[in-house]
Amino acid sequence: MSKARLEAFSDGVIAILITIMVLELKVPQGATLQVLRPLLPIALSYVLSFVNIGIYWNNHHHMLHTAERVNGKILWANLHLLFWLSLIPFTTGWMGENHAAALPTSVYGLVLFCAAIAYTILQKAIITMQGSRSKLAAAVGKDKKAKFSATLYAAAIPIAFVYSWVSIGIYVFVALIWLVPDRRIEKTLIDA
Amino acid sequence: MSKARLEAFSDGVIAILITIMVLELKVPQGATLQVLRPLLPIALSYVLSFVNIGIYWNNHHHMLHTAERVNGKILWANLHLLFWLSLIPFTTGWMGENHAAALPTSVYGLVLFCAAIAYTILQKAIITMQGSRSKLAAAVGKDKKAKFSATLYAAAIPIAFVYSWVSIGIYVFVALIWLVPDRRIEKTLIDA
Amino acid sequence: MSKARLEAFSDGVIAILITIMVLELKVPQGATLQVLRPLLPIALSYVLSFVNIGIYWNNHHHMLHTAERVNGKILWANLHLLFWLSLIPFTTGWMGENHAAALPTSVYGLVLFCAAIAYTILQKAIITMQGSRSKLAAAVGKDKKAKFSATLYAAAIPIAFVYSWVSIGIYVFVALIWLVPDRRIEKTLIDA
Amino acid sequence: MSKARLEAFSDGVIAILITIMVLELKVPQGATLQVLRPLLPIALSYVLSFVNIGIYWNNHHHMLHTAERVNGKILWANLHLLFWLSLIPFTTGWMGENHAAALPTSVYGLVLFCAAIAYTILQKAIITMQGSRSKLAAAVGKDKKAKFSATLYAAAIPIAFVYSWVSIGIYVFVALIWLVPDRRIEKTLIDA
């Protein structure tokens, strides 16, 4: 089965998610700086989520690039990932409107954690299909970076109830270490 | 006529539908668990509809895969299917916000039933175009699974007025039997 | 210049327009038939506009199929068409919510008229680029059907202020004569 | 790495942005000309932004056309451009609803300025990847038009606080000089 439609569908969903978030920035009444101020935390959480979804799109792009074909299992693993990503606009708005209050900040981390797990499941499904000479398996290796990120997200979920800004700091930190796209895959593909 | 644009357009519409539903999850006032509670039934109906639309996308993907070309009749049969799918976000929100009340639950089943019929019409249009050696006809056979699902949906429509939770149970059950993508088509294509 | 991105972009915009309209069907308070009744005219105008946008997508599909390449003029003629189509959700909601009142019904016709003109301009731009042996020119001929439709829309605009239901009748009638995709193009292409 | 998904994803985001704006045109209560009047400035700012996003899509189309492959840096430079474009619907609505008041008009220019800079960064990333025989570098030359536009936007930002209509005039003027797609690239490609 060809991967073209899987990529097109994922691109569509991710494109919608990344743009739908900005709808949370409701046009305010009035034309002064004061009316913009309450939008600032929402705008900042929008930037963070824009980068996070951008990272998923980039890595998804790299990962699918190594796949030649897809099967039913991969289709569903991909939909599962898209499901968790689809909750990001909601949690972004909730966290932004409540100025990083404990519960919304924790739920934001929970959704990122589930998305990370879903990404790993999708990766495994592709590797399983590619078999022993999997290009993707060679590229990601032990996938320390992904495990490290998921651990940090898992830590941020309870931490949010004590110091919510530390959790925010973790989300920003994980985003920064991923901003560089997965050069391991790029490298392996070039070497191959 | 090439099927590329039909697939691209369908992917676009389905991608929008599957993500638009999450907009029904309005960001609540306040940052406590209490404000999340009223969202729970909406969130659960969102999950059910996400899976249902995902199933349609998967099966659509498999079905179109067997088609080499499309004609005007297929274009319209496809738009007809997309029309019924486009009503799912509305009925999902209505059913979720009314905690599975009789009428919304019944209407939810009605839309799913119409979508199932529209899917069958599209399938017939493709088989007719492919002629006597239709790959798709060989793959679906008597299509007992689709007939069974449509019958269950038809039953759920009146049942909702007596025991709405039985209808919900039927929707979940039908979703589960379809979660496995149409392996018959995959098999036939591999054998061919 | 390849036409692939023009098609992809148009598919994206049209897919969004055809699904965005359904957002006008706001989930009502309450779970009774009474709360659905005020939605009925909006739902009916949604069906009409769904068919109209579907017709544009189908004909756009057929028309672009005859084009091998595109130029800057075609890109802008296409954006011009998409602009008028993008106003359809607004006029659909306005007409539906006001039960076919004079002004909204007239404006609905005005937007359809402008879209029809924009479609003709795009068609001319493609024919001009294809030159004297234009497949598209051969297929559409004198394009009586398009001229007939535009004339009917032009008539419906003032008529709406006297008998708005006659204008609605005209919109439905024009939709019906186009529901059959442009077989002339299909035929010419098959003959060629 | 292939550029197909980059184009598809950008097309998706830009298609959503260009259609999401029209959602700011809320269906008014009542069916008279009076209820349309307050929508007029919003509609006009919608037209301006539709043209601006259309220009970006057209130039993006031309620019990517010269690229054969993309790398991680280009992916992120592209996402950076899409980020600034994603703020256009918000600033469009804000400027339109406040009848070109000073601050919203200035912010509108700021977002356009940032988008212009982001476009230049993306262009540089592509030229760097193409190396010394870059088709794109040959096509854009010293890129006087882009520099001129960015300078005008930069001027419009402070001017808006004194004469906001002059800034609007600048936005319209810059849109007009770009309405003609980048024929330099078309020419160079044809000559090549």
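Each chain gets a letter, A, B, C and D, in the order it is written, and its residues are counted from 1.
Please note the rule applied: a residue touches a chain if its C-beta (ideal position, glycine included) is under 8 Å from a C-beta of that chain, and two chains touch if they have at least 3 such contacts.
All figures in this text were calculated on a predicted structure; none of them were measured in a lab.
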Are the two sides of the subunit A and subunit B contact the same residues or different ones, given that same means over half of the numbers occur on both copies? different
Rotating subunit A onto its identical copy subunit D by a Cα superposition takes an angle, to the nearest 5 degrees, of 90
For the pair subunit C and subunit D, the C-alpha centroid-to-centroid distance in angstrom is 26
Could you please state the distance in Å, as a whole number, between where the Cα atoms of subunit B are centred and where those of subunit D are centred? 37
What positions in subunit D touch 2 or more of the other chains? 8, 12, 15-16, 20, 23
Subunit A residues touching subunit D in their complex are 7-8, 11-12, 14-16, 18-20, 22-23, 25, 27-28, 30-33, 36, 47, 50, 54, 57-58, 61-62, 65, 179-181, 183, 186
Which residues of subunit B touch subunit C once you look at their complex with the stated criterion? 1-2, 5-6, 8-9, 12-13, 15-17, 20, 23-24, 71-72, 75-76, 79, 82-83, 86-87, 89-90, 93-94, 97-98, 101-104
